[in-house]
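Okay, handing you the structure first.
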Amino acid sequence: MGSYVIKRLVGLVPILFGISVLVFTILHLVPGDPASIMLGTNATPEAIAALRASMGLDQPLITQYLSWLGGLVKGDFGVSVHTGEAILPQILKRFSITLQLTLFAVLIGWSIAIPLGILSAIRVHSKTDIVVRIAALLGISVPNFAVGTLLLLVLSLYFGWFPPIDVVSFWEDPGEALQVFLLPAITMGIVIAAGVLRMTRSAFLETMEKDFIRTAWAKGNSIWTVVFGHALRNSSIPIVTIAGMQIGYLLGGSVIVEQLFSIPGLGQYVLEGIYQRDYPVVQGGVLFVALVFVLVNLLIDIIYTWIDPRIKY
Amino acid sequence: MPPILEVEHLRTTFAQSGRTLTVVEDVSFSVEAGETLGIVGESGCGKSVTSLSIMRLLGKNAKLDGSVRFAGTDVLRLSEKEMQSIRGNRIAMIFQEPMTALNPLHPIGRQIAEPLRRHLGLSRREGAMRAVHLLKEVGIPRAEEIAAEYPHQLSGGMRQRVMIAMAMACQPQLLIADEPTTALDVTIQAQILELMKKLRREHGTAILLITHDLGVVAEMCHRVVVMYAGQIVEEADVRRLFADPRHPYTIGLLASMPSISGGQERLQAIPGAVPQLHEMPAGCRFAPRCPKAMAICREQVPELFPVSATQKCRCWLYREGGEA
Amino acid sequence: MSTYRRRFWENKTAVVCLAVLAVLTAAAVLAPVIAPHDPTQMFPDHRMEGSSGQFWLGTDQFGRDLFSRIIYGARVSLTVGLLSVLLSAGFGTLFGLIAGYFGRWMDGLIMRVMDVLFAFPEILLALAIVAALGPGTSNTILAIGIVNIPVFTRTVRSAVLSVKNLEFVESARAIGAGTPRILFLEIFPNVTAPLLVQATLAISGAILTESALSFLGLGIQPPDPSWGGMISEARRYMELAPGMIVWPCVTMTVTILAFNMFGDAVRDILDPKHRNR
Amino acid sequence: SGGGGSASDTANPQPGQQGGSGKTELVVAADQDPVGLDPHKVPAASSARIYALVYDGLTRLDENLNVTPSLAEKWEISPDGKTVTFTLHKGVTFHNGREMTADDVKYSFERILNPETGSIAKSYFASVDVIEAKDPHTVVFKLKHPDAALLTNMASSFAAIVPKEVADLNKEAVGTGPFILEKNEPGQYVLLKKNPDYFKTGLPKVDAIKFQIMKDEAERLAAIRSGKVDIASISADSATLLEGKPGVQVKSYQSLEYSYLGINVKKKPFDDPRVRQAISYAVDRNQIVQTVWKGQASLTGPISPAAANWALDPAAYDSYKQNLDKAKQLLAEAGYPNGFDTVIETASTYPDMVETAQVLQQQLKAIGINARINQLEWGNYIETWKSKEMSLLVGRNTSGTDSDRSLRFFFHTEGSANVWNYSNPRFDELVVTALQTVDQTERKKLYDEAQKLLVEDAPNLFLASPKNFYAVRDNVSFQPTAAGESIALLQATVQ
Amino acid sequence: MSQPLLEVKGLKKYFSVKSGFWGKEKVVRAVDGVHLTVYPGETLSIVGESGCGKSTTGRCILRLIEPTEGEILFQGRDIRALNAAELRAARRDMQLVFQDPFASLNPRKTVGQILLDPLIVHGIGTPAERRKRVEEMIEIVGLTRQHLHRFPHEFSGGQRQRIGIARALILRPKLVVADEPVSALDVSIQAQILNLLKDLQREFQLTYLFISHDLSVVRHISDRVAVMYLGKVVEVADKTVLYERPIHPYTQALLSAVPVPDPTREVKRILLEGDLPSPANPPAGCQFHPRCRHCMEVCRTTVPPLKEAEPGHLVACHLG
């Protein structure tokens, strides 16, 4: 296992390298440069030139890339060309917010999806099943910026409620944080729930047809034992897989939800970076997101071994 | 002494995409305590469905008619809860595929202990100890170690032994074995058949043995029921059946088997194929393939006519109760 | 195939969804005939009105007819959905076939490249591509298309892996068939089912991604209507003119629902084992 | 919201009389993060709204955009107009406790003028030749030529006086202003607290201001409704919604901004003034006012009507009255009787620009001009703007507190923001002369002519100057004006 | 005897299976030195338990998988020396019938297409001729022309197996490797297919390499029988000789384990201990020694060679 993890981590290097090249290339293909964006339509050419020079953008691209990469190898993500702030602390700070939001959203999503998915599978083809399935499909069919806006509107208009405006962490003030993250988490949770529900249902249906489930019934077990003692764990690999994908994606920051609810998460950070052409920010941010994504996948693979003794690395 | 299991006019239908499929039609048989009854028939003739009907393990789309009396009570009339207390306790079952019939994620010992804990209320530790004991009884070496292992770490034969240990855990009165050796190699099959014989001897368990291998039937069973397309076509004492098969299907079946002792230049194949469930012929279901089919065979369903005290046959040839 | 056809007609969901999609497509194709107004025509005196005889679903902030815009929007949204999926399915299938069939370093190389694309946050990738190429329908299609390639590659690859060791592939080799023949005539037809299912799901995903791009200001160019664009524009008028957001949302949801349910139904039809899922 | 990335409204608070009371905090919803806080380097509106409260300039504009004293108590201009002597307010300290002196002023302006700083304010002070600190409280500016805009420009927050000892003002904001930067939490909020030693007694009136970053209009609206924020800038649409609702008041003022359609006068067919004229006649500016701004905007020329002293009445411009026949005729004369195809570029970031573009596109159709809209992501837009290669471009400008900026900066042949390739020697002469003319009536005459000339030549169509809206909670008194948010915040009180 | 059609000498196929990560590569000796000779017109059967390497041997012979070692002479030509194009051409003469009638036909093709494919691949005949040949073939295997337009899933298992046989025979091969062609079928259907195979052999002068684990079927169909155990051939003989007078202890046990459909017969059975060992980790010496009743010291250390115990009867046992 240990060597497996090491091998996976080593395998990460080319992926991250590929991503860094890709990000760098795309970013520099995008028209616009940070200096003129910063100065806007008031700019004078010399002001732009001066700013570019102070941002180090007057150097050849390859030099810029290599010096960035050089820093990266040493664990230095560089500084924002706009504010001159170090990037890594910002990333970590925002990641912690995104992480909390994601976990909360996942919690909401799963606590809706898994019971309903199981229920739907057990009562397959019943009215409950049909309603649950359609609800799940609706959940993935509505754009989430519409859902988010609607939530905000309804709550503020009819209930005069608005989440606390300062984003606090769960470990600082759980009650407050709960309120802060509630709406965005619900907005994200709906999409998560829809995906997980569908997967839970189909995985469960598949498992419930397996021979060993018949064996479990034949032993005289109650439905409770069959479902939770035998079927659940056996269905969990695809569920964990999709959940892992979702978490991986969301940890990259749900750009739209963060934008909608002014959550200063990682997605926003990178998005702003793109808008501002803050190259090091985008490069560092995306790389970090990719790293997290891949690590989450690794974690999922390790969870597999814990779920299923047949899986060995 | 009344039979331990009496199945009467069992009819199992499935509701499927708007149609009703009758898979098992008017099946009646009984199993005495300590007796082994074989059910033989070709793939898809309803052997498994019959056994699952007895256990009431078919899905919601199945409908059961007739009666299945186990030790005097009709299990078809029991509540699900009552049924649960019978399954794995007084009637146990083993299946064809030992690989897939075991939960891949639970250790062997735990799976064997499960019925014990459920039905006999054993503690986790007692269950574990009993499990090891049972593993030894079915001839598994290093039982303590194996109890902690997972199904995928065992060979096919070992897994089937585990299945048997699990089924025998609560000392059931009836064991339903649905093709317990089909997936195994002959040498392993021989081991498993020996084991079943030994357990039968020691515990006096009645066995309902489902198979399509007439060799296994000859070796294991006291009486045999031959099924064709969801119906029982012949029922007989095992010696009678092999010595004097009556139904044209049984006769054809025996003739179409190549023999290990050689001697046939050409096999007597039964022409045609088993009819599909949704296009069952009217009259006798075997009629389209039957060399002796008569006009009546294509129109009316024959009853299970008694041929002798120990033999019944669903064929118009035996309508008068005697030889035709 | 006849059984598939029969199973299709027996599957009510599939038929209903297909009907809905057919109506939508017809509406999109016949937009100039059906739409009561030019979708970009502004009626300054009728801004943000509710539904009326003249404007069936009301008007937007410019006084443009919402009904006409939704119908024309179907053109854009369906085009974006279909073409982008065609793009990603095309490349994804090719890569997936090659990676799955040849395995080894080929597989390694292709899948690592896909990992790179996959690990890149989807919407950011689309955003960056659109920003780099400039906005417009074709670039939106390209961006969404590229973003979806990895999913198709993975789908096809895993389907290939499950098929390539089946005996019929071996038998094709046994009769002396060459690699291209095996790849395209034997294996490919057997990956079409997951491909089709993935495609219907991806179409709805693409429509949603387009709307997200519009939300971020980079979708289809105004004044051409796309549902996503209409919704993101209407967000600001949610209270003043709820119809502006409700109707496109409803249409879009129904469409995506139809695609998704159709995908599910197709899976059921093509895979008898998965009847219930 | 900042228009076209232009400098925020630069204005300085006027000294007030009353003292503050109680522990009061104002929460202001801001739509963007500040991207840095060095007033000489960062021109972004989102930054300027904050450092305008942290720093002071030598002068300040009042509500009516008149120049008033600030750090400079008074000033004297030599008769030839080329020497300006400032007397500094005594006893003014920086937030770090050190007293502000003439050396700081000299340092600040030299920093602005140093090309390496890259300050956009450098162009404001092109006339400055030498700066001398005569004594701790006297600074003398020697000019190359008389500069009528100098004092106004000094009121800009980009001309803030900074302490010479602070190396990086982005990391450490140290000014003399009414508020001290307490905390900057990127993506979340900026917290300012009252400067107890502010040199103008009685100001500011609140103990703290918190700028809460809320990028989404819907969110700002919901926040003000539920009372989570006290002040929020909102759009005209939202203003309609809040009008008459309990708990919230809508405050508005005529802004200095205007939206425009920029035309590249080098590019065919726009090189022909008749084509540009035709476009002007084809455009119904009132419809833009109605549709895009929901009636909450005024017609405008090159100078926003907010600068009442300088702006001409738009009614005076003939081409402002939509006249399709005339437009078609002009097009035909120019050789395009059937119109032509072209592209309108605009920024996706600002919905009003996109909407303006759409209305224009429809209106141009009427005279056969088929324009495709290209909405660009902001960085891309800036690039296009800079390129001088666009055909038509919809944008928004702040016309500036001084007419010199409104005209010379944007349209002089050498003007930094003249990306339209516009060049008219007469116009150049007018605006250069006006800059050096100290007599205000004389100056106004020159500018009047320049404005007319500009509308005639139409390198830009000046479309509408919107009102800006603030939603303000009932318990807050806050009166925004064109002079800027900062002055209003300085005066704001909370019950 | 005549010239052998097929000679297999020292055939080995090792699979390397990665278990664990990094380095821990296990070698599965699926086939570990197989010698076979098949004469024209005869049926040689390979029997043995699951996993003993029967299928791998069959596939290696057709070079559907690359053998690790050994010589495969088909009509005197070494199959292993052929290049890709030659190999494809050579496949006209050697065909394969598969065990699983469900997996061996492409579900997306009609039966007609499936049967046409071999002809197209080898460029045989004009389209009209091809069609004719396909129609003839389908009737030869006992189906009708109407069946050509259907898809495989519309057929029963026995019918599918007929289609599989038709596909193998449409190129008129000399050698047919039949890998458990009847083990998935019911007895009554199995009999039909066995009869068909026999008829076809006579009609087309086919040579069969028949792979099966069913000893009764093997007795019925073969001329000679080879018994495999753990990747090796342990005994080869004429079928009557092998069934009446088996020499290898494994063969004896195997034969005794088969249940006979005769309830009157006393079961006298040699019960083998334990399971088939894993080919990844075969025992040293004689592969069978851990389960053998007659195991001697030499068996633990030395691999017994396959040698002639009597004319035409080869055994790999230290006893024989």
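Each chain gets a letter, A, B, C, D and E, in the order it is written, and its residues are counted from 1.
We adopt the following convention: contacts are C-beta pairs under 8 Å (C-beta built on N, C-alpha and C of every residue); 3 or more make two chains touch, one makes a residue touch a chain.
Quick caveat: nothing in here was measured; it's all calculated off a predicted structure.
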item	value
Shared interface partners, meaning chains that touch chain C and chain D	A
Intersection of contact partners for chain B and chain C	A, E
Chain at maximum distance from chain B, centres defined as averaged CA atoms	D
Centroid spacing, where centroids are CA-atom means, of chain B and chain D in whole angstrom	90
Whole-Å separation of chain centres (CA-atom averages), chain A against chain E	53
Approximate Å spacing (C-alpha centroids) for the pair chain A, chain C	22
Per-residue multi-chain contacts in chain D, two or more chains	218, 349, 377, 379-380
Where chain E touches two or more other chains, by residue	none
Residue ranges of chain D in contact with chain C within the complex	217-218, 235, 237, 240-241, 287, 290-291, 348-349, 351, 354-355, 357-359, 361-362, 372-377, 379-380
Chain A - residues contacting chain C, complex	14-15, 18-19, 22-23, 26-27, 29-31, 124-125, 134, 137-138, 140-143, 145-146, 149-150, 153, 157, 201-202, 205-206, 248-249, 252-253, 255-256, 259, 267, 270-271, 274, 286, 289-290, 293-294
Sites on chain A touched by chain B in the complex	210-212, 214-222, 225, 230, 233-234, 307-310
Footprint of chain A on chain C - complex, ascending	112-113, 115-124, 127-129, 131-132, 134, 204, 208, 211-212, 215-216, 228, 231-232, 235, 238-239, 245, 249, 252-253, 256-257, 260-261, 274, 276-277
Residue ranges of chain B touching chain A (in the complex, touch as defined)	52, 55, 57, 81, 84-89, 92-93, 95, 97, 100-106, 114-115, 118-119, 150, 152, 163, 166
